[in-house]
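First up is the structure itself, then whatever we jot down about it.
Each chain gets a letter, A, B, C, D, E, F, G and H, in the order it is written, and its residues are counted from 1.
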Amino acid sequence: VTEPDAELSGFATLDHQRPQRQGMPEVVYGDGKTVVQVVAICEQLRAAHAGFLVTRTTPDQHAALRDRFPSLVWNALGRVASLADVAPPSIAGPVLVVTAGTSDLPVAEEAAATLAAFGHTVERLTDVGVAGIHRLLSASDAWQRAAVLIVVAGMEGALPSVVGGLVRRPVIAVPTSVGYGASFGGVAALLAMLNSCAAGVTVVNIDNGFGAAVAAHRILAP
Amino acid sequence: VTEPDAELSGFATLDHQRPQRQGMPEVVYGDGKTVVQVVAICEQLRAAHAGFLVTRTTPDQHAALRDRFPSLVWNALGRVASLADVAPPSIAGPVLVVTAGTSDLPVAEEAAATLAAFGHTVERLTDVGVAGIHRLLSASDAWQRAAVLIVVAGMEGALPSVVGGLVRRPVIAVPTSVGYGASFGGVAALLAMLNSCAAGVTVVNIDNGFGAAVAAHRILAP
Amino acid sequence: VTEPDAELSGFATLDHQRPQRQGMPEVVYGDGKTVVQVVAICEQLRAAHAGFLVTRTTPDQHAALRDRFPSLVWNALGRVASLADVAPPSIAGPVLVVTAGTSDLPVAEEAAATLAAFGHTVERLTDVGVAGIHRLLSASDAWQRAAVLIVVAGMEGALPSVVGGLVRRPVIAVPTSVGYGASFGGVAALLAMLNSCAAGVTVVNIDNGFGAAVAAHRILAP
Amino acid sequence: VTEPDAELSGFATLDHQRPQRQGMPEVVYGDGKTVVQVVAICEQLRAAHAGFLVTRTTPDQHAALRDRFPSLVWNALGRVASLADVAPPSIAGPVLVVTAGTSDLPVAEEAAATLAAFGHTVERLTDVGVAGIHRLLSASDAWQRAAVLIVVAGMEGALPSVVGGLVRRPVIAVPTSVGYGASFGGVAALLAMLNSCAAGVTVVNIDNGFGAAVAAHRILAP
Amino acid sequence: VTEPDAELSGFATLDHQRPQRQGMPEVVYGDGKTVVQVVAICEQLRAAHAGFLVTRTTPDQHAALRDRFPSLVWNALGRVASLADVAPPSIAGPVLVVTAGTSDLPVAEEAAATLAAFGHTVERLTDVGVAGIHRLLSASDAWQRAAVLIVVAGMEGALPSVVGGLVRRPVIAVPTSVGYGASFGGVAALLAMLNSCAAGVTVVNIDNGFGAAVAAHRILAP
Amino acid sequence: VTEPDAELSGFATLDHQRPQRQGMPEVVYGDGKTVVQVVAICEQLRAAHAGFLVTRTTPDQHAALRDRFPSLVWNALGRVASLADVAPPSIAGPVLVVTAGTSDLPVAEEAAATLAAFGHTVERLTDVGVAGIHRLLSASDAWQRAAVLIVVAGMEGALPSVVGGLVRRPVIAVPTSVGYGASFGGVAALLAMLNSCAAGVTVVNIDNGFGAAVAAHRILAP
Amino acid sequence: VTEPDAELSGFATLDHQRPQRQGMPEVVYGDGKTVVQVVAICEQLRAAHAGFLVTRTTPDQHAALRDRFPSLVWNALGRVASLADVAPPSIAGPVLVVTAGTSDLPVAEEAAATLAAFGHTVERLTDVGVAGIHRLLSASDAWQRAAVLIVVAGMEGALPSVVGGLVRRPVIAVPTSVGYGASFGGVAALLAMLNSCAAGVTVVNIDNGFGAAVAAHRILAP
Amino acid sequence: VTEPDAELSGFATLDHQRPQRQGMPEVVYGDGKTVVQVVAICEQLRAAHAGFLVTRTTPDQHAALRDRFPSLVWNALGRVASLADVAPPSIAGPVLVVTAGTSDLPVAEEAAATLAAFGHTVERLTDVGVAGIHRLLSASDAWQRAAVLIVVAGMEGALPSVVGGLVRRPVIAVPTSVGYGASFGGVAALLAMLNSCAAGVTVVNIDNGFGAAVAAHRILAP
């Protein structure tokens, strides 16, 4: 005696009011779902004339989505799949995504791809960790014109403090799990960012590039 | 042989460029400084035609500042002292400061007093913890018109998740050290807020009402 | 020289008095046991005219048990195998198993399958996380008639606090390891539940759906 | 310029619906409130013809309440003050409050006094820590007739596991902060209880005797 | 240009004085060493007319040792390989190895095999966890005659406290990594044992059956 | 209405069988008890013709005990009070109590005073921390003749590893809360001792000199 | 019966060989010692024609030392007392002590006073936290000529990473317990410094200004 | 629609000023980079007439580098690849790399290979853990002539304290993740080293042999 398979029947109660309530498309967290589940949710959303955004997409999920939706937009580093024309272009912005090291790029690209799907203009400033402070300082053009800054760093997580002291605009800090030993999977960077001596820096969860993008969207959305 | 006393000579290099760079007055963290130090810094700022804001003000510091600056604005619960006319009124806003329980009020008032000193309109929604969810839901007028929401909660820190699901605007979560036992001085609330299932909620340090206010100021300042 | 193999000889002293003492069948924790061990224990119990319940069943264990006991009841999501007619139907109840997100379903189903094997009526309310609070509130029929509520949530673990404030009946909170980064494998949810502002919510170990079911059984059993 | 004093004006939004919703009187957490605040809340409740319960009552609060309400019931060890006739007597029960050591008594008495105020019959079994297991075993009369058991222990927190293996009825474990060194203020006992090998034991926060009592009340209340 | 291979040349400075200094054979920790390294060390010891003991032996290491030393003694559960006649029989003893659950057996057998190789008489009492306390109590013959007791338990780690209260002789507690969720890989059991209410219980590292055996050997060796 | 005072009536169920069962006198943990309670327990024990031992004795408790029992033995550094002739002299021994620094002396003296009260011969080796290793090495007379060694250290807790490598006899390691910053109240020393590279070193709780003494007593008692 | 008072007899075995062995005077850690003990140790050292250094000096200890040794050198912020002419002037150097905020000064001055007593030239660069990065960058004269840099910071502890990227010389990072909430008494800063992206930065314990000074002395001493 | 592949275009902004600024070659952290990325960076550096050093080199990276650069220097245990003649020979030194156990060798060799590539003379003292203290003491020739000492240890991390007490020169402590259970991946050793009772010992991150080598280079470089 086996109970009916749960994979496809009612496993998720889509919150169709959220796009209207929060001004952003339904988002699917890919990791931990089966390929069949992810494709089914996206088809259901598409049938309701909605766009979609899949984060933490696995390679298999990406392959299946690409086959099913030829116009799929794919950010490989950020592992984000989305359907084009998700949101109308934003007039505010740009959002500057700053990274300390090359290992922080996947998290940064998760943020960038999410922002792009929501219609925002994204600029990038990469590999400007604080041990070579001149790289950040010489890019003042970039950080001075940004409307919101997402600063992504692992290891000691110092970059948001420096950036937060340079700009007047909102700074959203994203700790990454980059590092080893006493980095404790991103805890060192997380604590550093929560204790930033630059006032008004806010923080999201470790590796949560998507959350940082939504926080920026909440600030910029009309 | 005793070295010269450090209390008054050069102990702090005031960053006179910060107000211009970041659009907010110099802020003095009172706790841990002597009364003489706090008064001296404030007089120095006043002599430079600047306003000031003192957070975590001790009773003795408050008494001395009140005597020295008769027009001092004082928020007793938030322990914030400021000089009136610090900032021109903001046209954006209002900022809604939401608290879960009465014990969270000191942190909330630190945020509110800071925002007021920076020229922002502040509204308050208090004692709406999630165990009596109808209290929050029946106040939709307040949270629907807010431009930014600062949500202050201790214990299990659940309130920002509920608020974040109700509104489109930025939600800044402030964990407080309210609680006992396994609340670990606010760590339980902090972790809950970092793991919020409402996307785009950002977090500041435990009890950091001031930081939340500056984060809101970064969003709202032109 | 090799000592006698330990796999089948006396590795477990079955506590045949427990069913009588505690009013529930012998339970086998599958994970970490070999297929041979699990089948042998179940046969031994069956020979003693007892039912059995296997939790954390591995796929191999399930296949072997299904072959050996054709009337085996199998809950795939919850990974629980049991023999039908384990317990007489309960007149109390129902038990409502509430989940915050779809990723919490395996833990919830472990609870539900255990309860069913013990003879209790189980109802389910799924995907009602606090970021979309209307989903929970609109299901008042379900939570008002429940005799006991098991509330399963990962991430920030806020759901039991909201449920605990809505109902008078016992609420058993189950934190899950769902989440990433600062969720620390369920610790964030566990701490939130221990610090619930809804008085009288009790908590079991992370991912311990079975323990929650037995706690409900202790309440409901005559 | 000083803002109006917050001590007495609107600092707490009493949830007058809770008694009806949850079948228990309004509860005041004394610690951290001023004497004036506690007395005012109790008078407000009394004026609404409601009983009250004050937990974590400070000596000054107790003195003021005793003067204001001559019929106040006072549990000195548990620091619980309540007004007599809070609840009608319960027909279910009794609740057995078990303690491992004498240092656990304040937490146990907080539970006992709360239960008494809610109308439940309370029995006590004290100083039966597991290092002298015969003390618990020889008291089988007590634990066999209990409808619900609240087991309070600090240090290694082993007692609920032993009790949970002896009885069929609900066991609510309360870790206490009794101990030193690697007890980490009750964390050792808390972890032990969450990992109990006796299935179906549930746990509340460290030192939370009140929460355990409410959990028992949820089970026993009609 | 490649430096000389480190696998076989001087990678370990054998402490040939230790057997004499501490009255026990050289011990090899297998895990992390190559098969070639383990066999080479054992041959070197054998050439010096010494016995040996290999703990945490991998399957490949066991196979190679068995081929090279036909008289090898092998404890499969404990993963301990030793050469017979390592030590003369002890007149003290016996050592009783007590386990809470079947999952604790590998650690217990590591202790038992080590003790046997050192010449001590070992008795076993298995599956006597505290949730079925009668199993331990009915085995008083075993724990009353033991000269030293090694008590192995995971999960809540309560067993050493009960045993320590029953006997006068040394009790060495071994926490195991058995458990899940808030057991934190054995930390819950470790903390419980360090906080035992039975005075004079001592503790070794998590899963360190070998260390417990050596501690017993220090007590019993003449 | 006030419940009867708990201070003197039945607050402790003395375990009169323990001395016989475990071969040591009843022990009173002073800290947290009132002067009246401690004196009453000691008088009760004395009336039963038993000796007693009070650990963590407060100054007030000591003063009252000294007045009541003129022959009281008092160890000021260890804060241990006992009645002379508690136990007959032991023929085994001696026990060597080794300390790393002068700040570890209170814990060491708690062990030494307990051992003395139990009839054991105690020797001391103080201030031999590993940063001046020659101090320990030059005292080989002391550690070579010891039957059991109790090694007390705070900070990095390295001393038991060195001692454990020098001697064949049992080594009981006691971490102390001496240190600051990342010593975390003795956790650094505790972890070091649990991970000792000297096999067979066992560990007791932080600052638990009493526990170490009882462990030695279990080893030495006939 | 009271054992002889331990305060003055043999409580510390002075390591008279250390000055010769390590090239620095005997150092006394004041905190936790009595005034009588500290004065006695210093007199004993003076009688042996040695200088001394007292760290973490309490006000009472300072007063007594000042009275006894009129030529005492006193650093009030660093709470360091020393006797002049402790060491001959060093030709290497200077050592630059850098601080992030004014609250870090006590730890920095502990380092500076220790270095001065050891004969080194000390320069200071204060209040150059990373949120105002121009303050550090504009002081390149100071950090370019330093032979060793001690960088003291609390909160997010980012300063050593920036300094370590600017200079070629040794950088010793000192985390301080400055901060609140998730700074966890300096743990956040400690972790940041251990994870510094500037290679070759080394770290000492939280608030350990003395240790940093000795580390610099080890580098600079001939 | 797929964004351009990030593997080879601009993923790393090489800091060509660093070699000049810090007196050491560009270093590539291999782990986590693709073979193509590592080879490309090394070719780019070689084209700029610079040497290179690759740490945490994977087997595939090593194979590709060896094929591309026949004169590659390879340290297998330390997983460090470098190009010969990276730096001119240093006249200072030697650096002594000390290890507690054979399992610490990979971290020690990472340090040694880095130092060699930077032109320093390296000596090794291996397998001298504190449980056999005579092995360290009998090697005084080695530690007395060292200019800088790098001490590598896992488990209880005691070795740097002993070494730090024996020598006057700088001691850099490297905790390793060697151990199990309560070693917590090197945390026990890290805490021990931060709390060393030997003053002036400094610490780097867990397993950070490279960082220790750079710290030594900062001390020795002219």
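Miscellaneous remarks
As a convention for this text, contacts are C-beta pairs under 8 Å (C-beta built on N, C-alpha and C of every residue); 3 or more make two chains touch, one makes a residue touch a chain.
Model, not experiment: these values are computed from the prediction.
Common neighbours of subunit C and subunit E, by the contact definition above: D. Rounded to whole angstrom units, the spacing between the C-alpha centres of subunit E and subunit G is 45. Mean C-alpha positions place subunit B and subunit G at a centre distance of 35 Å.
Among the residues of subunit E, those touching two or more other chains are numbered 132, 166, 181-183, 187, 190, 194-195, 199, 205-206.
Here the chains touching each other pair up as A-B, A-C, A-G, A-H, B-C, B-D, B-G, C-D, C-E, D-E, D-F, E-F, E-H, F-G, F-H, G-H. Listing the residues of subunit H that touch subunit G in their complex gives 21-23, 27, 166-172, 190, 194-195, 199-206, 210-215, 217-219, 221.
Residue ranges of subunit B in contact with subunit C, taken from their complex: 100-101, 129-133, 137, 155-158, 161-162, 164-166, 179, 181-184, 187-189, 191-199. Partner subunit E is touched in their complex by these residues of subunit C: 1-3, 5-6, 10-13, 15, 17-18, 32-33, 175, 177, 185-187, 190, 205-208. Across the interface of their complex, subunit H is touched by residues 71-77, 84, 102-103, 105, 109, 126-128, 132, 134-135, 180-183 of subunit A.
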